[in-house]
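Structures follow.
One chain, chain A, appears in both complexes that follow, with chain B as partner in the first and chain C in the second.
The block that comes next holds the complex of A and B.
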């Protein structure tokens, strides 16, 4: 029997396999950042261990860095200590760091692909659950905890239980690809299979609805695999993949040779078997808006807020969860989504802060002004994205519309830096999680695409962006 | 890591599904550079109001459950962020065992690495355990949860069981495979990040 793409990458990275239990898997790329690494380095020091492969390890600061003026010191002392700790750890252990002043600084999942560090068929890990993003290139990319970060630093390997392959087919063509985006596709998937739907699996996204997407759109899809509970998500590489990675700063010198080998090997065999399967037809899907406190609590922009009974479909626990979510979000069942007014707009995060996202949002914003009741910010995913956007004049389009144009970082996706919602504030956000308090204690998050966020900023409430573009 | 020893304790029932790690430890507490002292931040936004007063309606604030070492909760516990701080907080607070119908993958792995035992049981069994008022026992060696009325067997991967029971240091185990790792590296065609 043939193998799936995931199984091929898994098998080619197995150092030790036992008849039962976990396998020892080799890690080709280890990305680290300031929040989940300090305790790992402490562990190394305590046990007099070195970093086995500093040449396969890359660090940046993204989670808690301020996104205002970079020439100022970090005011929050605990954040500053965390950033300094990473700097010291990288110095002591010989790891390349893209620090706060580096032109390569940015959200770790934005800079990996942009710099050509992410490669097809490789294994990539990072102490961050959105590592699944890199799967868009046909890599097996896993989010890990801090103990595992320490394990990889020391041994360049991980003990892993083999997840099950899960095929998600995206069929059909979007009727309006400018208004219905990759974000809407992935939110639709999560709405359908639930936040635990992918637990214990690695998803391979396939079908015309996937091959039609650009690399940056594919990253949006793979990024949110974790929101469906999957261990990772990946997409077989094709010409778009190979073109995207060619001539990047860290693209390997023998790139064309590698491409030949990737073309031959990196796809699921016709006779391979997936243990789980789900198909989404995207011909008719609408822009999506989350209404609750879990990414599965999502509906079409043309819908109304559901009642807990409608959402739960007979499951008592889900009903309780939905009621609690509605209370937290201060929403009443039956309210049309387009009647929900917003206070804030956040265009950013490892899900939706790449150049294409900003270009798409800028088309909606151009020549408009945001609603006087809304505060809106654009936080580019990396310094490189920021610079490219500025070269195209996008910053001007956003600032003319009264958006704030910021420096790069994770920012208000998780609110570890000063960019947070005030209690009760409601935000249209291009990020990935609408958990309680995620963007600030008491803050209310609605997950949407960049074009939906941009349109909401202008109108002050959600609108069906299909009527706009 | 300390070896896991049998636990006897009353249970803390947390009747919620899809509890994410942002709820277990909110992000404002992720800035510490050590592993200790996270217990006071556990479920912070559910435990305290904005003036840092305890909220009466949250289970951890009910003195009845003081000193409990067993958390019994809902489906897909620990979903979302990979932050191991969530596990450090549960452990520092005093939880040694977490029982739920299912766990998120990264959270499950983080538990094992820190010596917390996550047990998956069928939803009706979990429901019953949530209403247990007296102490129950968790015996990892024999893979049983024991209440006054029943003995409930549970599954665990033998490798993970051994890791917990012996309190094994994963890394020193792995470094015994040094030869295999080196050989893999010699044969690898993946270039360094130059």
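The block that comes next holds the complex of A and C.
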């Protein structure tokens, strides 16, 4: 029997395998950041261990860095300490760091591909659940916890149980690709299979709906694999993948040879077997807006907020969860999604802060002004994205419309830096999680695409962007 | 392992409510513990006792990879989380650092165990005894690697060459 792409990458990185039980997997790239690494370095020091492969370990600061003026010191003392601790750890252990003033600084999952550090067929780990993003390049990319970060620092390997391959086919063509984006596709998948739908699996996204997407759009899809509970998500590399990575700062010198080998090996065999399958037809899917406090609590922009009974379909826990979500979100069943008024707009995060995302949003914003009741910000995914956008004049389009134009970082996606919602504030956000308190205590998050976020900023409420653009 | 149950009858309890993002800068575990479950239940810290178990529905610990989530629960005194299912990163984090035991239970056990019930968990027999209700339930056995990491007392004490 043939192998799936995931199984090929897994097998080619297996150091020790047992017929039943765990495998020791070699790690090609280890990305680290300031929040989940300090205890791991403490552990190394305590046990007198070195970093096994500092040359394969890459660090940046993203989670808690301020996104305003970078020439000023970090005011929040605890954030400043975390950033300084990473700087010291990288110095002590000889690890390459893109620090707060580096032109390569940015969200770890944005800079990896941009710098050519992310490569097809590799294994990539990071102490961050959205590491799944790198799967868009045909890498097996896993989010891990701090103990595992320490294990990888010390040994460049991880003990893992083999997940099961899960095929998600995206079929058809979007009728209006300007208004219905990769974000709407992935939110539709999660709405259908649920936040536990991918538990214990590695998803391979396949089908015309995937091959039609650009690399940046594919990253948006793989990024949210974790929101469906999957261990990772990946896509077989193709010409778009190879073109994207060519001539990046850290692209290997023997790139053309590598591409030949990737073309031959990095695809699922025709006779390979997936343990689970799901197909989404995207011919007539609508723009998506989340209404609750879990990414599966999502509906079409043309729908109304569901009642807990309609959402739960007979499941008690789901009903309780939906009621709790409606209370937290201060929404009543039957309210049309387009009637929901917003206070804030956040265009950013590892899901949707790449150059294409900003270009798409800027087309909506151009020549308009945001609603007087809305405060909106754009936080580019990396300093490189910021610079490219500025060269195209996108910053001017956004600031003319009264958006704030920021420095790069995770920012309002997870409320660790000063960019947070006030209690009760409602936000149209291009990020990946609408959990209670995620963007600040009492803050209310609606997950949407950059196009929808931009349109909502201007109108002050959600709109069917298919009619609006 | 004996303790009392704190029950949350919902699915998808995420790591952002177990330990909200603003506390990921806190390195003092005792302080971290005071914020455990703060996003879901502001009274958790005042009611949790050392040795307690948390019981919840499906997909416990979904979301962020923050190891601070099992650490905060563990430092609050929680010895095990019983749930219908777990998100994988939380599950591994719980055992890697020997913070707490993530125990998967069956639907009937989830329904029959109430808030405050006293449980006696015997992982060697994969059995949960409810002393309050005088009932016994099966727990889902740990996989080979998880069982070994737990037995060793964490990922760094696990020595595969001794297998």
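Here is the rule we use: the second predicted complex is superposed on the first by the 469 of 469 C-alpha atoms of A that agree within 3 Å, B and C clash if a C-alpha of one lies under 4 Å from a C-alpha of the other, contacts with A are read in each partner's own complex, and residues count from 1 in each chain.
Just so we're on the same page, a residue touches a chain if its C-beta (ideal position, glycine included) is under 8 Å from a C-beta of that chain, and two chains touch if they have at least 3 such contacts.
All of these numbers come straight from a predicted model, not from anything done at the bench.
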Dominant contact partner of chain A by residue count, chain C or chain B: B
Pick one for A:393: touches chain B only (first), chain C only (second), both, or neither. neither
First (chain B), second (chain C), both or neither touched by A:283: neither
Quick check on the superposed pair: does A:416 touch chain B, chain C, both, or neither? Answer first, second, both or neither. both
Mind working out whether A:145 is in touch with chain B, chain C, both or neither, as first, second, both or neither? both
Is A:2 in contact with chain B, with chain C, with both, or with neither (first, second, both, neither)? neither
Determine, under the contact definition given at the top, whether A:94 touches first (chain B), second (chain C), both, or neither. neither
After superposition on the shared chain, which partner residues are touched by A:16: those of chain B (first), chain C (second), both, or neither? both
Considering only the touch criterion stated at the top, classify A:161 as touching first (chain B), second (chain C), both, or neither. both
Intersection of the chain A residues that touch chain B with those that touch chain C: 16, 20-22, 24, 35-36, 38-39, 47, 63-64, 76, 78-79, 81-82, 127-129, 143-148, 150-151, 159, 161, 195-196, 199-200, 226, 229, 231, 294, 317-318, 320-321, 324, 414-416, 433, 435-438, 441
In their shared complex, at which residues does chain A touch chain B? 15-16, 20-22, 24, 26, 28-29, 35-36, 38-39, 42, 47, 49, 53, 55-56, 58, 63-64, 76, 78-79, 81-82, 85, 96, 117, 119, 122, 127-129, 143-148, 150-151, 154-157, 159, 161, 163, 195-196, 199-200, 226, 229, 231, 250, 252-254, 258, 261, 294, 317-318, 320-321, 324, 414-416, 423, 433, 435-438, 441-442
Which residues, counting only chain C, touch chain A once they are in their complex? 9-12, 14, 16-17, 20-22, 24-27, 39-40, 57-59, 62-67, 85, 87-89, 92-93, 96-97, 143-146, 149, 154-156, 158, 160
In the complex, chain A touches chain C at residues 16, 20-22, 24, 35-36, 38-39, 43, 47, 63-64, 76, 78-79, 81-82, 127-129, 143-148, 150-151, 159, 161, 195-196, 199-200, 226, 229, 231, 294, 296, 316-318, 320-321, 324, 414-416, 420, 433, 435-438, 441
Complex interface listing, chain B residues touching chain A: 15-18, 20, 22-23, 26-28, 30-35, 45, 50, 74-76, 79-84, 87, 102, 104-106, 109-110, 113-114, 157-159, 170-172, 174-175, 177, 180-181, 184-185, 188-194
